[in-house]
Every structure is written in structure tokens, then in C-alpha cells.
């Protein structure tokens, strides 16, 4: 792809990268929480969301024909993870929920 | 997820795994072809399709809530790659096109 | 790479694919166990191991120059996961431990 | 893992993320070059290196026990890709070579 097309994706790539870190970090801290039983859906969605964001970055940076569609699906993963993480008051969950919301919005702008 | 739910995915997981190998192998042989200039879209779609199949397997095996939606997108990647590979007479392209078609059908059954 | 070189990897690719499914499945069932607090290292290593196996497959099938080194690291992940899963009596843990051992051996044969 | 441990990885995570984008972008532009036949090893190593960096980020952010070892292997991928890209005068290759060198150094600091 041209560098112009990459330009269009840079904000979304940055949001996805931040979301990967927040989700992986949140999952690893959730696993250490005393109330881990409450956090299991959070952990599962953290991993899904991190995976989706990671693939979205690869496809956007590589100018894949499927990048926009992948971002559409990634936005769904981010919305689900944001909603679940948002239910928990742990700092890592609240920060992850925020990173997921920012990423969902960036992905939705790309996916339209 | 329950083992029953995994059962539902086993055929699709096998098709995705076979497709990853065919796509990665096709890409690596395309890069060695004398007419590599003709094969560039094939190479790009091979990588996209392998990536999608790989993620689909992870989500299906992990019982992700997003597994079915991911398989829907994976089916699209497989259809595109099958169509492009099918244009080339090299053995690795023809074999890859067939693996992609089988995988697309399996993913479509899961995604509905 | 040549099809001959792919041939050399086929057993290891199959073992890695089986290990991805076992690890992802084990992680998802661990998250549902009443004693999930006991399973947190198992869950973490399951994800690591699945990730390593998945990348190893991609590199082997693509004939990467780094495939053998990646399999060496994957073998380490499999050994760690096998040891941890082996401590738990749940069926999914015992099955995962076995899949990890088989995969570690296959990866070690490739990595030498 | 603790947030302190994440802190230790932040520079390396940023370098890996930048390297993923440079490598995927370089590969996609290499595939469009008139002299694509000269670029085939560059393309193959770009994909390997992007994959390694992506997994390294996931493991570092998740506080994996294997993060440091993965970074050691990632450094090797980055060195190989930097050397190959550095042979080509295209802007995307030169920029990718530089991103790979920076990432190799960051990974080596983590891996020791």
C-alpha cells in the first residue's frame, strides 16, 4: 500500500497497540486477584480483544484488503471487553475499559 | 466451554489448520517462482488467510464468544485467497485454492 | 521452501496444532473450575504455549529461517506447561499435559 | 505481573510495535516494487520479524515467564531483517532496517 494509506491507519494502529498492552496486563493482574472467580469473563475477553487488536495492526500495517473488515470485528471485541472490564473497580480493569473504548472508536472510524 | 461445544468446531479447526499450512507453503513457494511479479496478490492473500485461520483456531478452541464471527471473516479471507490462487497453475497454488475452499465452507457452517 | 523441507516438519506441525487446541481448551475449562485460584499458572502457561505453538506452525509451514529456533523455544513452553498441567487431576489438564509432552518432543527433534 | 514489571518492558514494547508496522509496511511495498525478485528474502524476513515482535509484545505485556526468552529470539529476527533490508536502497527498506536495529537493541536489553 502507499504511505498515504498507512497514514489513514496510524491513529487506529496506536489505539490497537495500547489496547493489546492494557488487555494483556489486565488479564495477568486479574489472574492474581483474590476474587479471580469474579474475573473469569474479563480474563477471557481480555485475551480475545488482545488477539483481535494484534491481528488488526498486522493487517492495517500490511495494507491488507481485509484490514477494514478486521477492524470492524475488532471494534466488537473491544466493546465487549470494555463493557465487562467496566464492571470491575480494579484499576487495571478501569484502565483497560478505557483503552478498549478508545480502540473501539478508532476501529469503528476505520471500518466504516 | 464444554467439550460438546469444542466438538462442534473440530471439523472447522482441522480445515483451518490445513489451510494455514497450505497458505504459508504457497506463499513461500510463490516467492521462489521465476514469475514472482505475477504472484504478489497471491502472496499477500496467503498471509492474510493464514493469519485469519490461525486466529480462528485459537478462538474456536478457547470457546471464545467471538469465535463464530471470526469464522465468518475467515471464510471471506479464504474465498478471496481461493479465487486468487485458483488463477495460477502452479501445484502449490492449486492445492492452496482447494484447501481455502474447504476451509471457507467449514467456516461458513460455523459462522451461520 | 521445497516440499521436501515441509515434509520434515509435518509431524511437528501436527503436534503443535494438537497442542494449541488442548491448551486453549484447557485454559477455557480452567476458568470455569470452582478452584480457579489453583489454576492461574496453568491458565497463563496454556496461553503462552498455545501462542508459541501457533507461531511455530506458521514459521515451519512458511519455511522460515527461524523455524528451528522458534521450535526450540516452543519446546520450552511446552515443557513448562506440561509440568504445570500435570499437577492437576482435571481431565482437561491431564490431556493438555500429554499433548504438551508430545509437542515438546516433536519440537526438540526439529530444533536440534 | 506487577505494574513495576510492565514498566521494565515499556521501551521494548514500543520498539516492537514500531518494528511490526515498519516490517509489514516494508513487505507490502516490496511486493509492489518492479524488482520484486530482488526483494523476496526481505519480504520473508519482514513477515518473520513482524510475527516475532507481535508475540513478544503479547508476552511482555502479559508478564509471561517466557517473555525474556522470546525477546532473545525476537532480537535475532530483528538483526537478520535489519541486515537484509539494509542492503536495499528503497526508503521503506532503509526505514525498516533502522526500526529493526532499534528493536533488536531493546530486545537484547530485555533478554539478558
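Order of writing sets the labels: A, B, C and D. Residues in every chain begin at 1.
Keep this in mind: a contact is a pair of C-beta atoms (placed from the backbone, for glycine too) under 8 Å apart; a residue touches a chain by one contact, two chains touch by 3 or more.
Predicted, not measured: the structure shown is a model, and the values here were computed from it.
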Between the pairs A-D and A-B, the one where more C-beta pairs touch: A-D
Distance from subunit B to subunit A - Cα centre to Cα centre, in angstrom: 23
Between subunit A and subunit D, centroid-to-centroid distance (C-alpha), Å: 21
Multi-partner residues of subunit D (each touching 2 or more other chains): 28, 44, 47, 58, 62
Category of the chain touch graph - line, ring, star, complete, other: complete
Subunit A contact footprint on subunit B (complex, rising order): 44-45, 47-48, 51-52, 55, 58-59, 62, 64-66, 69-70, 73, 76-77, 80
Subunit D residues within the subunit B interface of the complex: 28, 31-32, 36-37, 40, 43-44, 47
List of subunit D residues in touch with subunit A within their complex: 1, 3, 6, 13, 17, 20-21, 23-25, 27-29, 50, 54, 57-58, 61-63
